[in-house]
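What follows are several structures.
The two complexes that follow have chain A in common; it is paired with chain B in the first and with chain C in the second.
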Partner chain A sequence: MPVFKLCLKIFKKNIPVMMIYFGLFIAVSIMMITMSTPTDQTGFSVSKARVAFFSEENTPLVEGLKTSLAENADFIDIEDDQEILQDSLYYRKINYVLRIPQNFTADFMTGADPKVIKTSIPGSTSNVYVDLKIESYLNTARMYLDLIPGISQEKIKSQVLSDMAEETEVEMLRRDSSGSETGLMQYFFNYLAYTFMFIIIMGVSVIMLVFNDPIIKQRNSCSPFSTTKINLQIFLSILLFTFFSWIVLAGLSLTFAIDEIPNFNTKYYVLNSLIFALTSSALSYLIASLVKGREAMIAIANVVTLGSSFISGVFIPQDLLSEGVLKIASFLPTYWFVRGNRMISMLMEKSGPVFDEMVSSMLIQLGFAFGFFILTMIVSKKKRSV
Partner chain B sequence: MIVEVKNLVKRYGDLVAVDDLDLEVMEGEIFGLLGPNGSGKTTAINCILSLLKFDNGEIKVFGKPMSPEAYDIKKDIGIVMQEVAVFNELTVYENIDYFCGLYITDKSERKKLVEEAIAFVGLGDFKKFYPKKLSGGLLRRLNIACGISHKPKLIILDEPTVAVDPQSRNKILEGIVELNKNGATVIYTSHYMEEVEQICSRIMILDNGKVIATGTKEELKEMISLGEKITLQVFEMEDTHMNFFKTMENAVSVDYDGKFLVMKFQKGNSNLEQVLDYVKSHKINFGKIHTEMPTLNDVFLEITGKELRD
Partner chain C sequence: MFYHIFKYRLKVLLRSKEMIFWTLLFPIALSIFFNLAFSGLRNQDSFNIINIAFVDNANDPNFSEAINSVSEGEDRIFNMIRTDLENAEKLLENDEISGIIVSDENITLTVNSSGINQSIIKSFIDQYKQVTSTATRILSQNPQAAADLPAEIATRISYTKSDPMGKSELDIVLNYFYALIAMTCFYGGFFGVEEINQIQANLSKRAARVNVAPIHKLKSFIYSLSASALIQLIEITVFLTFLIFVLGVKFGENMGLVILTTFIGSLTGISFGSFIGAVVKGNENTKTGVLIGVTMIGSFLSGMMFGEMKYIVQTNAPILSYLNPINLLGDAFYSLYIYDTYNRYYTNIAGLLVFTIIFSISTYLIIRRRKYASI
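Presenting the complex of A and B:
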């Protein structure tokens, strides 16, 4: 197998260049791990706002409001002085100043819509809870007032507080029973598209550039080694290189998301990446048969890999890309690889629409591979007939 | 017969690169294809090797029709192309091993052949060198080693000495003669008439895709009317002396450039004695004198009206 051995030697010679990209992949992956925020929270606790509460009247309705607010507010004793309050807000000693004006209760009970007076720090999340609580208390009180004519303030207070004490049990469910909790596996397999495609294009083109050299081609044609045999051995070496690169990169992706390996959908990520590897090989074969020269090849490899990765959702989630961009991207195998990964991340069982969509994403990638292969054959035949 | 070509025609659009070429190469000979650049030598070779489709004609090698799929024929052909066809990614040894491996599958036999080829071209000290580290001459030698390592019956060398220093050129030419002595039939193309004259047993001269003459070098020289050429270094030449030389029997042309008197004669007897007698008797002061028989360039000049290297 002289051609096969020669190809392996050429691959070996180009290992340093490939290592740069393997290194890049590892570096970005490590960066991702260290930068990614763990998203394994299954609940949350409400933070309390520091509220300065002033009331110019003391009625059961206002007392009820203060009681209901206690859940979301720490009441701070502070002098009711404009300057002191401003300073306290500025230095974040308090977040919220709530003032109940005189005749608030009387006006409320007669059906008017009196306003509480508030001063707060803009953009504070905890203040939003205070606002919601005030609104909720007063809206519920108004409902009782409207529905039960002559209802007393005491009654309103007790009913509203009792209603507001009702809690609904909320359970944080995982998106699926077996899939990723952190999304790291999906991220690494998506990112694999960029590194993988580049390495494959570069590796395959290095071989093809050597064998497509007209002098070498002529020299090989003079030998008793048939063109079919030569092509077959080149193809075998490319397959071996693809397989080796796939093992390394998929292995790295799995290593980086090691906690997620036992998940049900891991095998589908691996399968999807293997199919993408074959498609990338076929694409590389086509590019190599069209492009002459190493410099042009590097440029094309960059344009193809970066371009397709950007518009197909490798770096930016597909959800954030416009419909138009995704439509264009759907003419690229990378789009279907990323889509396949997305389906795999949502996969819960070996059937159903998500599973079907995942399978069709894989089949479309295989279709691309077949198409690229046929195109390469056509290009080669055309070149031979010239 | 090793190679037989009949009525070969190869056109590139309107340009006829090879025009009705007939060629026969006998076993054991070194057959030279001589012609200026663009005369159709390489095109003819590429047609013989089935690297090019041709428009008309018939080609047989080892008595069998040649085709791109004639692998049983190709296994006995060694080719040294005009341009160096080696892999920059492989060392000298690996390159020869690769090309030998296209013909010889047995590993131990191949190893022996590769070593022999390396020794033959004198690249023993450069086995581990990559082609980029080799000089032009060494690179040409590597190219030859890659072409002949499998010990083919027919070796085709297409201008193997282009851009090679004289020392390497002599080494290459000696090697080709040795290969021939070892039993290989050789087709050698060149536009250097001295090389072809030096090593080829039979020569075909091509010009503009057409065969203008074929034969041994003696036969080719017989084809022309030109015979001896005498060159005399003289520093002064009077008209009376010039007239004498011009009127000598068999004189074809006499030219004096102020330093050398060049006299060309028709084929026949030697004229040197008569020239020397005249020079001595008239006390003409002269430096060097030498005589030579017509070269292939003279043959080419007389047939085509132009120099071989024009």
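Presenting the complex of A and C:
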């Protein structure tokens, strides 16, 4: 099989370039590992806002406020510098800056109009959350002050705090069982979509650029090999390349999430990625037959892979994308791959609506693969007649 | 002579589709993807009215009133539906509501998961219970207060005053776009690499020809470089216009300084490209590779792929954020948008100018007076 052998030679020559993309995938995945904090929850826990607390006075009333706020807030130790605070607010390292001005307590006790000064992210949930707590503490304190003549500050503090100890019982309706949903494997396989598509488009184009060169094409046409045979061997080598990349990348994904391999859904992740590999190779076959020139190829590969990854939820979870964007994305196989992975992460048994959704996501990907293949056939037929 | 070289360089560069793609179309494409993908990120922590179900078995008018008061009007916290338990659980299961408040003898909350919305619902119920406890306590200590108590409970005084910091809202998505413009300015380095290729006799045949022409090398280099600079400045203006008017990216009020910053950034980018072209040995592909690689690492560190990165670098290795010209440029836009003062902005611009000067002088020293025994 001389054509097949030639293709392998071309691939071998391009190994260094491909290594860069494998490296990229590894780098991104390692970043993911270090960033992710697995949320392991069994019961209800109260959310905490990150608050920078600065007080210019230290009175029992203010102490009480801080104590009651501690239930809903983590106090962040930070330098009181305008620039640092602004940066920290921008990057959401803190959600709320609370300042107790001097004479706040005195004003409060005498019924003047005391205010604590807050700086928060306008319109944010944490803003509403912290406000609720502060207002509640101070309003309760005010009731004691107004209605019990001569009450001391200490007494207000202790009574308000003991009132606020009253807590509501919270029940969890659906216990989020199995750690798999919060597992990392889903993300590693999602990231694979980006690297995979890029590598395969580049790999396939490397071969096709050589064979589509007019002079080489003419030379090949007069060889004693039928076109079908040549195409078949090229196709075989592309499949081999796809399969090889799939083994490397899926293997890496599995290694990164090695603790989760024994889970029930691992095999579906692997299957889904194999289907995506097929779809990507069909897509790259189509692109390679449409685009001429190496530079244009790199440009297209970048735009197609980055674009589809961005809007299909590879980099940013699908939950955070708007409905309109997802609608556009549903015309791309990447969307269905990511969706399939999400279904798999929720999968608990071999039947039921989640399982059906997963299967349909996979079938749609195969549909795309078939569609791309047909399109390639039509395109190359048209090209030949010109 | 200037006009001649300038004109033909301009024509050559404009015909290079690849160049125009990387320096203009690719950034535009990326910005569109950013805009599509990050719109959700922008709303992630903004407060949306919380949907709850209320199952009222106890018919407690006080609680009913309390919950109504926060579920009505413009600044309400809840969208409340009164329903029976069965229906409420169905809604909760479909994630249509965040929690169910059940009022029996005791008031309880049922949720699906822990989260800030759920915590807010809990805080609200806690508060209601606390008021009851407060009222009982007050009455036991001062029975005469009974007459004033209802009015006191009904009064809610706001004790917080907002002191917004800086002049802008803290839109976390903007930094991605700022880093992207910085990247685009540095992609202008493609022009720099190309210009070096066209002037160093060992790099291209055209350069060998130009070197034997009776024109001062520095002059011809500067003439053709100005053609590159012109294209880059036009491109960056187009990109900026696109960001502002099509995608609605905000830059603060000082438009003049924003434009100045992009221009300075473009010049730093081009000089950076020439520097790479002069320093890196090897063919054009290697040089472009190094250019893209360095730009990508710089953009990554200034938060283009992952917004928090810029903050991590800034707090853990501040020196690195000054040594990264892409971060200086991105940070210049950020400071213009966020801060009231210009100190940090001027520091950034000064840093960029220093980099530009270093790149230009090194390039000059490397490319001047090259002699070739054979090419």
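To be clear about the criterion, the second predicted complex is superposed on the first by the 245 of 386 C-alpha atoms of A that agree within 3 Å, B and C clash if a C-alpha of one lies under 4 Å from a C-alpha of the other, contacts with A are read in each partner's own complex, and residues count from 1 in each chain.
By our rule, a residue touches a chain if its C-beta (ideal position, glycine included) is under 8 Å from a C-beta of that chain, and two chains touch if they have at least 3 such contacts.
This is a predicted model, so every value here is computed, not measured.
A.B. asks: Which partner does A:F225 reach: the first (chain B), the second (chain C), both, or neither?
C.D. replies: First partner only.
A.B. asks: Using the touch definition from the top, say if A:I117 reaches chain B (first), chain C (second), both or neither.
C.D. replies: Touch partner of A:I117: chain C, not chain B.
A.B. asks: Answer with first, second, both or neither: which of chain B and chain C does A:I238 touch in the superposed model?
C.D. replies: neither
A.B. asks: With the two complexes superposed on chain A, say which partner A:I10 touches: chain B (first), chain C (second), both, or neither.
C.D. replies: Only chain B is touched by A:I10; chain C is not.
A.B. asks: State whether A:P2 touches chain B only (first), chain C only (second), both chains, or neither.
C.D. replies: Once the two structures are laid over each other on A, A:P2 reaches chain B alone.
A.B. asks: In the overlaid three-chain picture, which partner chain does A:V210 touch, first (chain B) or second (chain C), both, or neither?
C.D. replies: first
A.B. asks: Would you check which partner chain A:M202 touches, where first means chain B only, second means chain C only, and both and neither mean what they say?
C.D. replies: Neither: A:M202 stays clear of chain B and chain C.
A.B. asks: With both structures superposed, pick whichever of chain B and chain C touches the larger number of chain A residues.
C.D. replies: C
A.B. asks: Where on chain A do the contacts with chain B and the contacts with chain C coincide?
C.D. replies: Residues common to the chain A contacts of chain C and of chain B do not exist here, since the sets are disjoint.
A.B. asks: Show which residues of chain A lie in contact with chain C when the two form their complex.
C.D. replies: 31, 35, 41, 44-47, 49, 72, 82-83, 85-87, 89-93, 95, 97, 99, 114-129, 131-136, 138-140, 142-144, 146-149, 159-160, 163-164, 166-174, 176, 295-296, 299, 302-303, 306-307, 310-311, 315-316, 319-322, 325, 328
A.B. asks: Could you please specify the touching residues of chain A with respect to chain B in the complex?
C.D. replies: 2, 5-6, 9-10, 13, 210, 215-216, 218-226
A.B. asks: In their complex, what parts of chain C are in touch with chain A?
C.D. replies: It comes out as residues 17-18, 21-22, 26, 29-30, 33-34, 36-41, 44-48, 77, 89, 92-93, 100, 106-120, 122-127, 129-131, 133-134, 137-138, 141-142, 145, 148-149, 152-153, 155-166, 169-170, 172, 175, 306-308, 310-311, 314, 338-339, 344.
A.B. asks: Would you mind writing out the residues of chain B in touch with chain A in their complex?
C.D. replies: It is residues 46, 49-51, 68-69, 71-72, 74-75, 77, 79, 81, 83-85, 87, 89-90, 94, 97-99, 101-103, 146 of chain B that touch chain A.
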